[in-house]
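Naming follows writing order (A, B and C), and every chain is counted from residue 1.
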Amino acid sequence: MFRFLLGRLAVLIPTFVGVSIIAFSFIRLLPGDPVALLSGERVMSPERHAEISHQLGFDRPIVVQYLDYLWGVLQGDFGTSIVTKKPVIDQFLELFPATVELSLCAIIFAVVVGIPAGVIAAIKRGSILDQMIMGTALVGFSMPIFWWGLLLIIVVSGMLQWTPVSGRISLMFFFPSVTGFMLIDSLLSGQEGAFQSAFSHLILPTIVLGTIPLAVIARQTRSAMLEVLSEDYVRTARAKGLPTFRVVGIHALRNAMIPVVTTIGLQIGVMLAGAILTETIFSWPGIGKWMVDSVFRRDYAVIQGGLLIIAAVIMLVNLAVDLLYGLINPRIRH
Amino acid sequence: MKKLTTLFAATALATLVAGSAWSKTFVYCSEGSPEGFDPGLYTAGTTFDAAAHTVYSRLLEFKKGTTETEPGLAESWTISDDGLEYTFKLRPGVKFQTTEFFTPTRELNADDVIFSLERQWKSDNAWHGYVTGGSWEYFAGMGLPELLESIEKVDDMTVKIKLKRKEAPFLANLAMPFASIMSKEYADKLQAEGKMNQLNQMPLGTGPFAFVAYQQDAVIRYKAHPDYWGGKQKIDDLVFSITTDAAVRFQKLQAGECHLMPYPNAADVEAMKADPNLKVMEQAGLNVAYLAYNTTQAPFDKVEVRKALNKAINKQAIVDAVFQGQATPATNPIPPTMWSYDDTVADDTYEPEVAKKMLEDAGVKDLSMKVWAMPVARPYMLNARRAAELMQADFAKVGVKVEIVSYEWAEYLEKSKAKDRDGAVILGWTGDNGDPDNFLDTLLGCDAVGGNNRAQWCNKEFDDLVTKAKEASDVAERTKLYQQAQAVFKKEAPWATLDHSLSIVPMRKNVEGFVQSPLGDFAFDGVDIVE
Amino acid sequence: MTEVTATSPISTDPTRRARLAEFWYYFSENRGAVIGLFFFLFLVLLAICAPLVAPHDPTVQFREAVLLPPFWQEGGRLEFLLGTDAVGRDMLSRLIYGTRFSLFVGVIVTTLSLSGGILVGVIAGYFRGWVDTFIMRIMDIILAFPSLLLALVLVAVLGPGLTNAMIAIALVFQPHFVRLTRAAVMTEKTRDYVVAAKVAGAGHLRLMFRTILPNCMAPLIVQATLSFSSAILDAAALGFLGMGAQPPTPEWGTMLAEAREFILRAWWVVTLPGLAILVTVLAINLMGDGLRDALDPKLKRS
């Protein structure tokens, strides 16, 4: 296990350096001058332009800038936002819990609905129910989620007025951020109605972000179940007259879980991509929206630092999934 | 440790807020996150709304709803006969806000004023570069580093500012957000603790509202400053709920999740007016959108050609399609709400047939040109692309082929400055201080060629008029000069003036006391909620 | 290089016909797949014949008919079956022309990423060693970013537009094809027929692309259909974020972005482009499912 971990780390480090080079060079290639952007329609004199470029260090050789940047990164300094002048890492840490909370809720939603749906479809293979579940899953899988979000806003928030339109909690509630997770913080605050408010703000974004993972998980569960159900030991168990519930619950499901867990792990990257759209639509103050906003504001430092941090997080999550996979499936332990 | 104390402070606050269940809270669905809370560092209206108009006050203030100035922290002032020395008497007994993070021990004095201006001016001031990459955009943009001679403390309550040359718009500049007065005592404490950055994150001033907390990209909270020199506010808490999407803002307003919102979608205005729970205020904005020809390049160097093209544009159609009617076609380069606006100037009427003839007479055949469309929405031009498409169709009718080009915003601004630029540029301007100089000289003066003067138009007659007006101190005389300048402008047609947009502010019916600012600010002093 | 006939199961023909028939048999078993296929063919036809079918030019603005609802609603006109948008362009015509862009995006992105992926993947899997390590590290780097974020930044670098959006999407899809090809090549490489061909003196190129590759096609085809639909979705998402096709191009995602300000006032400008995306992607995914069933021998039996 330890050697496996070391091996993975040996791969991760050069990848991370590569990622940092990509993130760094992207930013140099972006068209448009970030310094000129500071003054908008108001024109900046060439002297001031030079002065500010110098302040920001844009006038040094590119390799020096890169090494300087990498050195900073190693010390936990991912640069300072050009727009807000706040450290990128601080902004990230402030916004990341919102994205994690949303993603966790979405994945829980996808798992809680997706796995039973897949299991039922597999057991009732070929029935109308199976076709309906799989049909719905395919629609979900094909969904342009930015449109799906807009539709839900129009219908659920706009016409039915069941859920709030955007944000994380009603403004009536104000309490310190302890964990960064609004659901937990609202409970800790002890304020009446706070949890309900936070919860109702989460419903639509969770559904939108969870839609595609839900579809993938349902489909994956069904095919994994079908495969397991056709194996001899399950057939034997069934032939022995064990009730379907026990066969499925104890024998089949557990073995079918292995590919499903991998699928869930793989969905985390997909989730972050989906968060970009979901957060934009619902004004959810997370890192997806932050990155999109930064691209539009040409906040070079944030795009660069954000890309790097996000890539690092994804790499670590993938590593964790691999380790987990190794734990539940001893056969592939290296 | 630092974390712990802030946490404790926030908890104390939370109990405070929860305890006062009957407090009046006003929620403003703002359009974006502030860049920071030191107004001197930034240029965006969003930042000024969140920092300058809430937490801070200035020596002079704009009288609510106008572009005229009135005494603010300076109770009175005198100007020397040569127009170079301004002596400001400060208002006595002005208290700074007391917050969780700072308790002031003294009232406002001359040191605070000098600190607030000098840090932006003098590069040897410890605060000049306190924010990495920060720069004093407006201070520099309004030309103050070249204008100021000295700032002196006469006594505790008197400040004297000397200028290098006469400049009539100077007083209006001091009412602008960048000239907000900070607390030197607070700044000194931050400096001593090595936490200078905090000045830009936890502001403290003499304004109507004290800063409470900012949750990035989500919420900013303020509470009324009980000792505000203008009197305590009627609302107890002010909340900015940051909502970038205009459609979402409208939904929140409808649902009662906020009381007032800026910048509605033009398409929603009808529905807002029809909603029994809402009321809508509107006012001509202090802005202009234009199409600037490159007057140095053939055939646009000919007045007749520019005039002909102006007559080919159906401005009303642009106003209808881009603003759903929430704008007025523009005649002059300054908006009608600004003093010295000349309403005797006649606009170029939309007559495609005449335009076609004029082009033929000018010997222009098979003209094809580029029209630059901005990639972003600005108050004066919500959708430049759509406007350009409309012009493309209009120009096609007079036999002119148009290719629409666009660049990323910073690039667009940069490239459009070039003297040898190919094509006409759609752009606009929002007034900073309500002075006509800020439009006429800034955008059309000879000095601005290769910069803000996107038409690259240098006309001696016009330039002389505008320069003379800048130095004159008598408003009546300045008005006359500016009106003459507008006539010259229209005759020479360096731009096709497109529109002045209306600034529309929808709010809940129970909101009272909100006054629209012609400068486009959103300030909430004097606002009340009646049940 | 001497011509040597290497026996590969697909290219030596007698079974080819039978295989095709077998493929069609399994494919047509899946009713959804057949529906998807026909709908897809319909879309292709629509895209090709757009100028003939569309009632109006998609960019012509009818200034007296702005934001008209579909014909069945009050105020709608038969002339504009599905209504008009904010500058008076016919929605139906724009949707029909939009088919062209979406299918075009699908075809180009899939071709680019498939051919690039195969080339790189075969090289990596065939040569192994440092070439392989180098290639796979680069793929790891691409995979370390969320695909849409990477595409978004890439387009910001290249400049917004449909062409650049396609390039960016093709690039972020690359690693999937490379990994699949590499894995398949590595398993095939040790098979007897490859060894036989090698012994018979076949060169590298021939071994890579004539001998091994045809036997790795099944998973690649399935991945390609998946890419086809994802490409359409991602291009639309970029358009929605304002970084894809630029107005007035009648691309569905861009149409949606333009329509956002009318979300409360004119449901048709928001609903219809999204529906078009959904239905198109759904048809392709249905087809993809059928293809997978028909090509995947493991599921054939059950």
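Here, a residue touches a chain if its C-beta (ideal position, glycine included) is under 8 Å from a C-beta of that chain, and two chains touch if they have at least 3 such contacts.
Heads up on the chains, UniProt names are A = Dipeptide transport system permease DppB; B = Periplasmic dipeptide transport protein DppA; C = Dipeptide transport system permease DppC.
What you see is a predicted model; the values in this text were computed from it and never measured.
J.: With chain centres set to the mean of the C-alpha atoms, which chain is at the far end from chain C?
T.: B
J.: With centres defined from CA atoms, tell me which chain sits nearest the overall protein centre.
T.: That would be A.
J.: Please work out the Cα centroid separation of chain A and chain C, and write it as a whole number of Å.
T.: The computed centroid separation for chain A versus chain C comes out at 24 Å.
J.: How big is the gap, in whole Å, between where the Cα atoms of chain B centre and where those of chain C centre?
T.: That pair's centroid distance is 47 Å.
J.: Please tell me the distance, in whole Å, between the geometric centres of chain A and chain B computed from their C-alpha atoms.
T.: 38
J.: Enumerate the residues of chain A that touch no fewer than two other chains.
T.: Only 31, 153, 158 qualify.
J.: Hunt down the residues of chain C that sit against at least two other chains at once, touch-wise.
T.: As it turns out, chain C has residues touching two or more other chains at 156, 159, 260, 263-264.
J.: Going by the touch rule set out above, which residues of chain B reach two or more other chains?
T.: 245, 251, 408, in rising order.
J.: Give every residue of chain B touching chain C within the complex, in rising order.
T.: 245-247, 250-251, 265-268, 270-271, 317, 320-321, 375, 385-386, 389-390, 393, 406, 408
J.: So in the complex, the part of chain B that touches chain A is made up of which residues?
T.: 7, 10-11, 13-14, 17-18, 25, 27, 33, 35-36, 41, 43-44, 129, 131-135, 137, 140-141, 197, 200-201, 213, 215-219, 221, 239, 241-245, 248, 251-252, 255, 257, 407-411, 413-414, 417, 427-430, 448, 451-452
J.: Sort out for me which residues of chain A touch chain C in the complex.
T.: 11, 14-15, 18-19, 22, 26, 29-31, 135, 138-139, 141-144, 146-148, 150-151, 153-154, 158, 223, 226, 230, 269-270, 272-277, 280, 288, 291-292, 295-296, 303, 307, 310-312, 314-315
J.: In the complex of these two chains, what residues of chain C are touching chain B?
T.: Result: residues 59, 61, 63, 66-67, 86-88, 156, 159-160, 246-248, 260-266 of chain C touch chain B.
J.: In the complex of these two chains, what residues of chain A are touching chain B?
T.: 31-34, 36-45, 48, 51-52, 55-56, 80, 82-86, 91, 94-95, 153, 157-158, 161, 164-168, 170-172, 174-178, 189, 191, 281, 283, 285, 289-290, 293, 298
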